[in-house]
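Following are the structures in question.
In what comes next, subunit A is part of two complexes: it sits with subunit B in the first one and with subunit C in the second one.
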Partner chain A sequence: MLSLFVIIPLIAAALACLIPRTERVAKYLALSGSIVSLLLAYLLLSNPPGTQSLQWFNVAGLSVTITTATAQANLLLLMLVAIVTPLVFTYSMGYMELPSEQRRFYFEMCVFAASMMLFAISASFITLFIAWEILGITSYLLIGFWHYKERAPTAARKAITTILIGDIFMLMGIVIIGVTHAGFDYSLLLSNPITSSTQLALVFILIAAFTKSAQFPFHEWLSDAMEGPTPVSSFLHSSTMVKAGVFLVMVLLPVYSAAGLLPLILVIGIISAILGASNALTERHFKKILAYSTIEDLGLMFIALGLNAVFAAMILFFVQTFYKAALFMSAGSIIRANNEEEDIYKLCCSRNSKPILATALIGALSIAGIFPLSGFLGKSFVESSAMSSNIVVYAVLVLVGLATSIYAFRWLFIPTRNVFDKKLTGKLGYGSVPKTMVIPGVVLAALVVVATFIYYADPSYIGGAAQMQLLGATEIAITNIVAIAGIAVAFYIYKLGHRMHLASTNSMAFAALHNSTIVNGAYLIFAAGIAKIGALAGNLDFAFDRSIYVMSQLFIKSGYYMRRMVDGQTNSYALAFVLGFALMLLLIAFNLIT
Partner chain B sequence: MIPLIGISLVSLVLGMILIAFSRENAKLIGVVFSGIAMLAIISALAMSLLSGTATFTEQYYAYITTPNIVLSLGFNAITFTLALMAVIVAFVTQLSGNTEREGYATSSALILLFELAAIGLFASTNLFVFFIFWDVGVVALFFMLYLLGSANRRRAAMKFLMYEILASLLLLFAIMLIYFYTPLRSFDIGYITANAFLIPHSTEILIFTLLFIAFLINMPVFPVHLWLPDAHTEASTQGSMLLSGILTKFGGYGMILAFTMLPVSGSFAVFTLLLGAFSAFYLAFVLFTQTDIKRIVAYTTIIEMSIVLIGIASLSPLGIAGATFAMLAHGFTISLLFLAAGSTGHIFGERDIRLLHGVVRNAHSTAYSFLTGVFATTGMPLTAAFIGDLLIFVSAYRSFSTAGIIPLAALIIMGAYLYYVINKSLLSTKESTKSIDYIGATQKIGYAVLLFCIFLFGIAPFIILKLFNL
Partner chain C sequence: MLETLLMQTPPLAPLLPTFGLGEFGSAELLFGALLLMLVSSILTMLHKNSKIHLIVSTIALFLIIASCAYLFTLTNPGPGALPTPLIIYGVFIISPFSAFFIALFAAAILLVNIMSYRYSSDYNSFSLLLAFAAIGAMSVAMANSVVMILLGIELVTLPTAFMIMMNGKQYIEPAVKLFIISAIGVTMLTFAIALVFPFDSQLMLSPLVPNSSVSGNYLVVLALVLFIAGLSFDASLFPFNLWVPDVYAGSPANITAFLAGVNKKVAFVALFQILFILMLPYLPTFALIFQVFSILTMFFGNIAAMVQENVKRLFAYSAISQAGYIAIGFATASAYAISASMYQIVAHTFMIIGTFAIVLWLENKNIKSIEDYSGISTKNPFAAIALSVFMLSMIGVPPLMGFVGKFLLFTGAINKGLIFLTVLAIINSFISVYYYAKLIIAMFAKKEKAHVPSSFTINIVVWACLIIIIMFGIYPQPLISITNAAANALLGVTPIGILTH
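Moving on to the complex of A and B:
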């Protein structure tokens, strides 16, 4: 079967949503499209690993093909996207209520999902770029979906501007690779020796990957992306979009390793992980905490890649999908029940909301790294790969792990200590959360649990049997002890102590932890600098225009004076003639003398 | 063989004559006859694609025999692409441009005249005829600006005319030089291309310089771009669509001719790259100070044409194909943007982005068309612009190495500002501007046609690119 067929149901659903008056059926169209895509993806699993190419166009010796691959990694990502998509669509059925926004929402979501699936199976830079940029643009549309909200347009613009930087760098890299390797397929890059121009291209592509995967210094768009609807966040943070950058670097890792760029990946990963964890510790916005946690997760994946531990990165990549989607879905449900309140200190939890709370708890335990839940697998593998190669990185990872379990349980404990007060929030409550919003979260929470057992039953589905590793008891123990210590700290501070913050809000420590304001300030200064240059150039252009105008005025003026000489007076003509004749005689005389 | 180019030209003339007799039906006549011209060109393209030849059979009409000036018409891959774009854009302009001032008859007739000039220019295989159509096009647009623009139109029209007349003079001078220095004294482009090496070197440099400046003014690229923003500010929507959509392509096509005709062009390649790169960056920054939505779109034209210039300067078949494709894409994209910008002005009576808010609330289709136009301008895959950019920069990297791809970064600056514009005026519906008018179905059809073309040539670029392989 042609692997491109996988995206066709979703594309068809998207196009069907464009038909007027399909408000009521849009969600069913999208859901059925995603389910058919899931079935096709499942059928694709039986395809032998290999690549398929279709010629797109061919001009003046440049042949551009749409190449897709069904290697193990491709199929893994494809399955992740295909599994999460119907769950997110189900969640959206409850979440998106207004009929007027149904068509637009499901159109954009279907294109978003389809482009991520195309990305998952891409095996050439052209295929990649198509998926890559359409992912960026649909994410822009989805983040700014409620463009009438106060901050949504700004958040969307921040995302698209950052992503545009990456896209252009990506295109530059693709052009260089396409020329130096005489083709756009990954296989050509992977099988040929590295030259200095390839190295430049790889740096460009790395920049693109960092913008997409929200790594330092391009990470702040992701936390603002919370302005979009929750299903979008749940989708964007788990399987689509932000995973694209990591996945690309993962696929190209042999080349990065050969080009000596792994230290760069490692350093950026460490910085991002630290920034993500520290901001998550101090953020008040319920969903933004999870967003910073995504930045940290992606940073951990880049750390693993920087250590050349593909398997560890891959497994974190795999398990992060489920727990992050589950966390976002439960967060969306809690926010819905609290009348769209998003401040963590004002949220209330109810004991009636057991499925939602259970989902949140499983997600939090998983992200903290408690044993049977799959989050710990990813975390332990990354830590064990660091332990054997770089002790400093290992120390950082343990510290970040501690912070993770503190903020995960801060996220959970602060809302749960307020019991739901009916008088306070009025009409809404946990009863108003529809079943379609609860069930996908529960399914994902179940997947979080199951993933570990699947791994222990048959680890070969990640990265093949050759790369298979098993964890030692010490590694498991260390991860769990750190996680439990973090939970204990969180319990002491936020549950028993009822403290508001880890550090007081005006202290240096708080400023250092909550550094997103500094980063955003730096962005603003950068943008202001560009605008300054723009103003300068604008003035220059204006002056240029004016100077041409002044020159034209000079011509008109000189014409005016010339005209005055021709005044029709015989006397003045005679005077001019005499003067001219005298001048001529003088010249002749001068010539004769010399 | 049916003389399809002849049919298209004759139908346009017929349309103009009919409009003179029946001014009240001007718009209908304009749409019908430019539709006929469009169908003729599309069927010419279809016929040559089916028969597998890139060149359409040439048709000869005796014009002036003594100095060997022949009205010979024919298409090759480059001109086919551009003519196709021109007829579609002109058709959409006829159909959907809202005339800000009364004057359906004038504008319909002038669009037909300009379309005639465009088809004639792209189809002529004779430099003298090329020049005649060039000036017809300039004059048609001058009147379009002078008669149908907004308040300060006269001044902008004069500025436009001054720049264009300078370009025409330089062009005429260069054509004369070419005529007198080729052995057989011919205006035929094919003959000149084959025998250009016989022109003395210093003369060739002079000719190239003259042509280069003339086409640079028309494209326009820094430092001779100043007429374009002013012309667009004052032009009607229809005038803007023709101006940026088609007239700038005269210069682009001329530049391709200059570079392919004269072998000396190779020594100017690096200079041209530097000029194009500087122009792209400089104007991307100048864009930041603009607040009139039409002026903003006008500046993006200059940036795109600078990138086209880089493709031409890379002097390879791929670069030429890329530049041609980018011009095709740009024609559709910029017409869409100008149609949307013009409609915004029409609906809200305001074009300043500082005063416009929430366009998306009161003008759905306009806002989404503008948004898609911005995506296409920044080179989104599956829109035609991406193919153009890809081909141009692959070719530029082959010719100039890393320096060739740096100008891509100008797109970041341009895109960043365009997204700012979208936030500022299209979104933020909290205090949305009141609409004072609405757009009719014709505008929406116009959006649909242009969007269809943008995506058609983005998804199936091989329709056009096949021509370059034949």
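Moving on to the complex of A and C:
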């Protein structure tokens, strides 16, 4: 239970933000809370792996426990969240300017960070579900943070709708597990044999994981989620929350493997990776490119899990956090300098933008998979595990890798083509980007580099020694050649300006690549079908409502009669004694007869 | 003197364990604290300084709670083992059951005492009466003989009638009504004891005569009926509860809190002891009676509450319906359900005391009907929120204590196969939403500028009740294990294996 203390500073900060007139100090409260949490998480690292549980209540043979675990995976996610949180809060200090929105923003962010940490250390479905729901709600609130914007409420609604579909499946799965296992701990699932009902529950939980981690066919909410403030995008929708689904499947992977569900995970991962990469190639919205890239990253993680390569998934899981957060932070800074312009073809750079661009470059190199940056590590581990098991998957991965390096440098090159002319455009310019927005990105970029070098220096610090396999030269060569080829293509097309677009906007190829419109159309058709059912249910509900109304009138009428019994006369009360007496004797007689 | 009393070997109790001073010092602490409360009440009657009295009685009540906690752990054998009760002088028994209920009554009386401090016309005499009633309630909880229960009930009810009466002329009517009804109840109890006497001349709380023929013994069945009737008036079970709305609404709210929070619970404790110890061989019979009674009580309380306009009367009816829920535990009659019933007793005690604390304070500001309550949310937000929490807990909304109690009761009933009863109870929960929501809506719908300042003593009581209700609602396991131990101690006295989970 000691591990639950990690979230207390953040909860305290969140509660402190509720106090009126704390607009000015909210950011410092949140930041200090997150730093204390980081320290506590660091102290927790020395804990021996194991689980602790606390009985919440035990009724009618159903034991509900709050269980936390400090296994390696739990501590990994906990540390990631703990490290990213203060950086994101620092970034937000510069990014969120209006005093009126400070308290709300930091309250929601602190609650989110606390629930993410709770999620990281939870080892029972009860704690998991609590954290899972708070994650969904805070995600909804933060996407729609600027609710006065035109598209933000719609995007938030889309996200919460998709996630709630998953939540319902999750609840069904949890209920099935609770009924069949008489408890909610992961360990029960891991130790008992897989039955068909458990298999069904696992599929339901997998669906929930797919909605949370934005996998096909639930992936489109993530690109819309970019309507939220950039700190939110870089925190929730790239580095932490969307990985909750991956993490859950990773923890339960032995069960999934025993239940024979790995092919499903693999297929969904492949489809999502392809869809993410192709949309990222053609998207114009600066942050949405990164969102699609996140979908692709998550798809890669699911591919690794589908290949039962936990170690590869874990490495990618670890390194993706830093480079994706760094990319989002630099994206936010560039957008800020360009007066919130988000079209990639209209963005400009200038002399002042060098630290931001350097951050972006490290992120882009990492995501493209250039040796020795950490993105390369994750990617080549996944690829090598694919190579040894399934050559088709490997081919797909190489293709996706090529697309990745193309879109990553498309994302970087197109804005750098335009030189910033302040007088002409009247834009804010990079001088107006505060230091607090630049430094966290730089720190994250440094972490990308540092994480890499620590890995090479001491490979055992992440993952078990048994799973360690230093990569062969072939994998390194192939990954790098593909990445460099991608960069070359991107350089040729976008930097040199030979062509503005990969495919012209009305060609078939463009439609195939930019398939988010098709998916969104399918969503609409699906939603219309559901709405029809809803209308039917509404009629039923109306009838139900009428019947309730009639019954309530009946009750109220009888209430008027009943209150007359209490007439204030003591002798009638005494008479009731006699009636009660008679009633009891009747019941006893009845009992004797039967 | 007390020590010598306790040192004596009671002639009537062969079960008595060795009763050394050092080991069981806490039993003396308990009695010493009771004595302290009484003596301090009498002394301050003469001295007229009510503040000292409040402090001394608070200390005494805290001492009682502390010694009960100690006695609970001392006598609690842990799960699976037989309980090791202390029998004191043959008439008192201290087991986890009695320790639990003494502590509950002490806490409830403490809260009633604090809330009455500023809202009582003559606090000194009020608290002397309260001290008598407290001793009555506690002696019912630790009674080892049926006569002790009778005396305890009498000792609770009579001071209550005087507490109502001393507030003014308009309170004479409810006091006399309570007096008359309780006189009928006590008469019935006495009759019942007289009928039991030929079969068990010791009148101890031990299972009634395994040797006499149970099925054909109509005199004992009649005694059972009289026992239930004599205690149901105070437990406010239908149809013995018609006086309840009248007297509850007619009394000052602090005494209503006492009536609903302690008086009623004392009757339930007595019912526990008489039915599950003395009358255990007749379990199927009284379980059936209580099935019917709980359904009738819930429907009566809830339906009549729907049409009430006076808030105090509304809560009087609500307290009746809650008694119906508590009675489900008797209707189910398993160890699990008894424990659930105890849980619900605790929950309702604090919900109703918190509620009536707010009602008391507002009634002194001349805010009485639901219409008057509109706009309280802006006049005093804390009161509105706290009252809403209490009402939500009474409805049974998680994560509040009322939810846990109802959940335990319903699962117990379902496990015993009483699906019909459970469905009716859930329908009743639906009905109850109507009138609770009516009040909540009234409180929050209108906005008014005027501010009603809250009172310090009331705030203490409300906060204490709120904390208990929310804490045990979120994390019920400690209290569930306590009530389980209490239920096991209650049933552990009986060697018969009728009651299985």
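The rule is short, and it goes like this: the second predicted complex is superposed on the first by the 526 of 594 C-alpha atoms of A that agree within 3 Å, B and C clash if a C-alpha of one lies under 4 Å from a C-alpha of the other, contacts with A are read in each partner's own complex, and residues count from 1 in each chain.
One rule holds for everything that comes next: a residue touches a chain if its C-beta (ideal position, glycine included) is under 8 Å from a C-beta of that chain, and two chains touch if they have at least 3 such contacts.
Remember, predicted model here, so these are calculated numbers, not experimental data.
Participant: Name the contact category of A:Ala477: first (subunit B only), second (subunit C only), both, or neither.
Facilitator: So A:Ala477 meets neither subunit B nor subunit C here.
Participant: Is A:Thr161 contacted by the first partner subunit B, the second partner subunit C, both or neither?
Facilitator: Only subunit B is touched by A:Thr161; subunit C is not.
Participant: Looking at the overlay, what does A:Leu18 touch: subunit B (first), subunit C (second), both, or neither?
Facilitator: In the superposed model, A:Leu18 contacts neither subunit B nor subunit C.
Participant: Look at the residues of subunit A and decide whether subunit B or subunit C touches more of them.
Facilitator: Result: the larger residue contact count on subunit A belongs to B.
Participant: When the two structures are overlaid on chain A, which partner does A:Gly568 contact: first (subunit B), second (subunit C), both, or neither?
Facilitator: second
Participant: If we overlay the two complexes on their shared chain A, which of subunit B and subunit C does A:Trp56 touch? Say first, second, both or neither.
Facilitator: A:Trp56: touches subunit B and subunit C.
Participant: Look at A:Ile134 in the shared chain and tell me whether it touches subunit B only, subunit C only, both, or neither; answer first, second, both or neither.
Facilitator: A:Ile134: touches subunit B, not subunit C.
Participant: Between subunit B (first) and subunit C (second), which, if any, makes contact with A:Gly559: first, second, both or neither?
Facilitator: second
Participant: After lining up the shared chain so the two structures overlap, which partner does A:Met172 touch, if you call subunit B first and subunit C second: first, second, both or neither?
Facilitator: first
Participant: Going by the contact definition given at the top, which residues of subunit A touch subunit B in one complex and subunit C in the other?
Facilitator: Overlap of subunit B and subunit C footprints on subunit A: residues 56-60, 552.
Participant: Quick one: which bits of subunit C touch subunit A in the complex? Just the residue numbers, please.
Facilitator: Counting only subunit C, the residues touching subunit A are 176-177, 180-181, 184, 188, 221, 225, 228-229, 232-233, 238-240, 242-243, 245-246, 284-285, 288-289, 292, 300, 303-308, 336, 404, 407-408, 411-412, 415, 431, 434, 475-477, 480.
Participant: Given the complex with subunit B, which residues does subunit A contribute to the contact?
Facilitator: 56-62, 64, 129-130, 133-134, 137, 144, 147-148, 150, 153-154, 156-157, 160-161, 164-165, 167-168, 171-172, 175-176, 178-179, 197, 200, 527, 530-531, 533-541, 544-545, 548, 552
Participant: Would you pull the subunit A residues touching subunit C in the complex into a rising list?
Facilitator: For this pair, the touching residues of subunit A are 55-60, 552, 555-556, 558-560, 562-563, 565-566, 568, 570, 572-574, 576-577, 579-581, 583-585, 587-588, 590-591.
Participant: Show which residues of subunit B lie in contact with subunit A when the two form their complex.
Facilitator: 162, 223, 226, 282, 285-290, 316-318, 321, 358, 360-361, 375, 378-382, 387, 389-391, 393-394, 397-398, 401-402, 405, 408-409, 411-413, 415-417, 419-420, 422-423, 427-430, 461-462, 465, 468-469
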